[in-house]
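Below is one structure, written out as structure tokens; the observations come after it.
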């Protein structure tokens, strides 16, 4: 296991300790496996919480910060946190204006967040709204949106909802904008190697030496095909064409794009993909605003990349460009 | 005989013991189609509940169980069980006892809440098919052999569904492979109901 | 070869095209394999150029930006750019106040930068100063500083010299501060897997399945020992103790630290290392300012991490905290 | 016979041809201890120089060669050769010819500039040891057989150093392995000088 760790059982907790030790001005850990913003809450501001399995930094915990999220419930590697932790996180961030639960569409997380919302309403009288981002086009057809998984595109929802909350929009408005951003983003990924789950000490699946898998999920969920590795331009074209088929862009559209590494794939190769993406977008007359290239949603040391495209309008563009600050992203 | 908080506590102890004995069995069943943690979820969830000092208010008691169960496990089955317990908590709020004849109704409410939580439907080869079979069997049951009826309904469900593909939860990904394998959640319901006797 | 690329021969050039396409407000490519800041030069500002082999993003090219560097000469993966390219880069950034060449201590780069300085002095009458950062404690004893390689710690020299130049300090002063930062930083790294050089299509060396190599260089240069993988805390302790032996820190010292991934090693594991580092530093009463945790100097998809420690005084701390902006680092 | 820009051009053509023939040989020698690019550096460097339309000013001519050489290759050897050429350029500035008796002096200046550039010392088993041997041999030479003397000095150096470890450049890392292997840079000097004849 080519990982830097102590006891695999402590992987998540030691990671959180290090995160808070390194950035005490950004993150606080008020309770076991709960991260919130450091400092005082802003009274009357809508809180935004997320949560999910570990192993995806900066997702989920990393996006707690100014203009972004208020809290995160942290599960084990690739495992949902409990509803109780989520409820605790909701309580921790509530500043009297209600809380939006905004996370990726995975069965366990959805059930637990729903349960948590029920709990804080039953016990604490905190108003909540919920939205599970489902941007992974490879995981289900557009007609079965509720089966689509949430992947890297969710960071656009974090950013836009976070900016709205920072401007003191109310819960309904923050939830509307989160849903709008989420509805406007589509993603598609591919992988070349899986990653190692610390407690298992080995990879969840194996991909042949000269093989890649298109559409593979960030936990190794099966994709649309597995076969010989294609050239970078062909990979980008297939991802782009799939997204275009799902939600076509045309002349005059404005978008933000995210070319994301799943972990091991280096920046160099993301830029090789971006180069082709820029050609494809300019061919159809689409303008790019604030492109993101880097490691924004990972699966530890998985090799692979994903492409997310967010369609913008004035409202979304304005919120996307608003100031934000966490240890992994500054706008 | 009416059921009070004391009966609930005794029942939890019996389930916890039986679930402990079946821990490995359920983990192995889950490992075939999922992540192999179901035995842990069921055994530790009920073991923690059995240690609770339950309120006399049976509604409150079910709430305490729900909360405890999902603290221990955040896997799907744990959250679904907690959801079912929560449904019972709401139905029994401010009462100190309930009758055997209410059980079918409570199970039906749990089933519906769990369907909503899991965003799944009956017939998808999950624990909910077992629960649904129990609801119908108990509604038809007049002899008073409630426990035997429930165990039989749960067991029959496993058999009825084994040759079908899983259509919900993690196992859905392995739909083809799942044909011929019993659904782990349906097996867990058998274990839990056996423990209740 | 688990890499996303087209023709391996085009790896570097396509990467640069993508970089400039994604961030045209930051980077410009005035000539083949030369990157400078976008926009007008500031008349009378000292220019800072760097250069070196590709495959280390954000090093070297990535650190061109406000408050950082002005230009970069780009070589093939792990190969020095030519003196001619360097001279061209010096000419491109000179704004009348002279140019500092600031780069990592590797034989080829040193020779080429010296040659380039000679060329621009011979032909163009541009004043230059040069400094090769040599922070890698594993590569040679303190007594043989000129043999020490330059690794991740060089980004501190970029930052501090860049801030001084931005404040319109003159060439001697910028060079003095670069040398001071460089003299105050020490680094130590370890690796668990090598990386693949695109043109070769394979790794330069092999590390056994359960093995790591302490002190390995970023191009796979041999380290101090190879053996079974140690726990994260032991790894950090060995790196920290080696740095302490080389240049001891004591009570009341202020430092910035960089816990750097060589590529594949995920953020999670950097924070596990950071957690231990924070303990070690606080045990000896050293204060940390602006810690950096992430991928600041990589070898494509190499697995491993390095630790750099910069000792601060008021002057350096002030310059470290000054504003800076490139696609990979914002202060 | 004085040497003008014309003689330089003719010499470059001969070296380029001979270096082309030895391209593989030098690459293989370099591959044993380094990155295997030395044959390319030498062959392409001289081939590009041979294509130059040299200035009549021999100082300027050497500068043009220096510049061209390092444009083609940024490997150590290329930069060292360019450095040596640059030293000659400075020494011969504003002249249109130089005499054979000046060659030893020019080589000595080149050697010194290259030592400074490479931050290395004589005796470290590099091309500079070959150059140094040539300087001494040419200084002692009175018969006029300059070329033969230079070739012999370069060849003898290879032999003298083969059993020693490399102590400079990339090969330093493989010091142990390098014992028994000729230094590629010293071999390249033999090839270049052979071409000059």
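Here the chain labels run A, B, C and D in written order, and each chain numbers its own residues starting at 1.
Methods note: contacts are C-beta pairs under 8 Å (C-beta built on N, C-alpha and C of every residue); 3 or more make two chains touch, one makes a residue touch a chain.
This one's a predicted model, so the numbers in the text were calculated from it and none came from an experiment.
Participant: Return the distance between the CA-based centres of chain A and chain B, expressed in whole Å.
Facilitator: Result: the chain centres lie 33 Å from each other.
Participant: Let me have the rounded angstrom distance from the C-alpha centre of chain A over to the C-alpha centre of chain D, please.
Facilitator: Those two chain centres are 58 Å apart.
Participant: Need the CA-centroid distance for the pair chain A / chain C, whole Å please.
Facilitator: Computed from C-alpha means, the inter-chain centre distance equals 29 Å.
Participant: Mark out which residues of chain D touch at least two other chains, giving numbers and ranges.
Facilitator: As it turns out, chain D has no residue touching two or more other chains.
Participant: At which residue positions does chain C touch at least two other chains?
Facilitator: Within chain C, no residue contacts more than one other chain.
Participant: Treating touching as the only link between chains, describe the layout with one word: line, ring, star, complete or other.
Facilitator: line
Participant: For this entry, which pairs of chains touch?
Facilitator: After working through each pair, the chains in contact turn out to be A-B, A-C, C-D.
Participant: Which of the residues in chain B end up touching chain A in this complex?
Facilitator: 35, 63, 67, 70-76, 78-80, 82-83, 86, 117-119, 169-170, 173
Participant: Which of the residues in chain C come into contact with chain A in the complex?
Facilitator: 1-7, 11, 14-19, 21-23, 54-55, 57-58, 62, 192-193, 229, 231-233, 235, 259, 263-275, 278, 291, 293-295, 298, 300-301, 303, 305, 327-328, 330
Participant: What does chain A use to touch chain B in their complex?
Facilitator: On the chain A side, the touching residues are 75, 79-85, 107-108, 110-112, 114-115, 118-119, 122, 146, 221-222.
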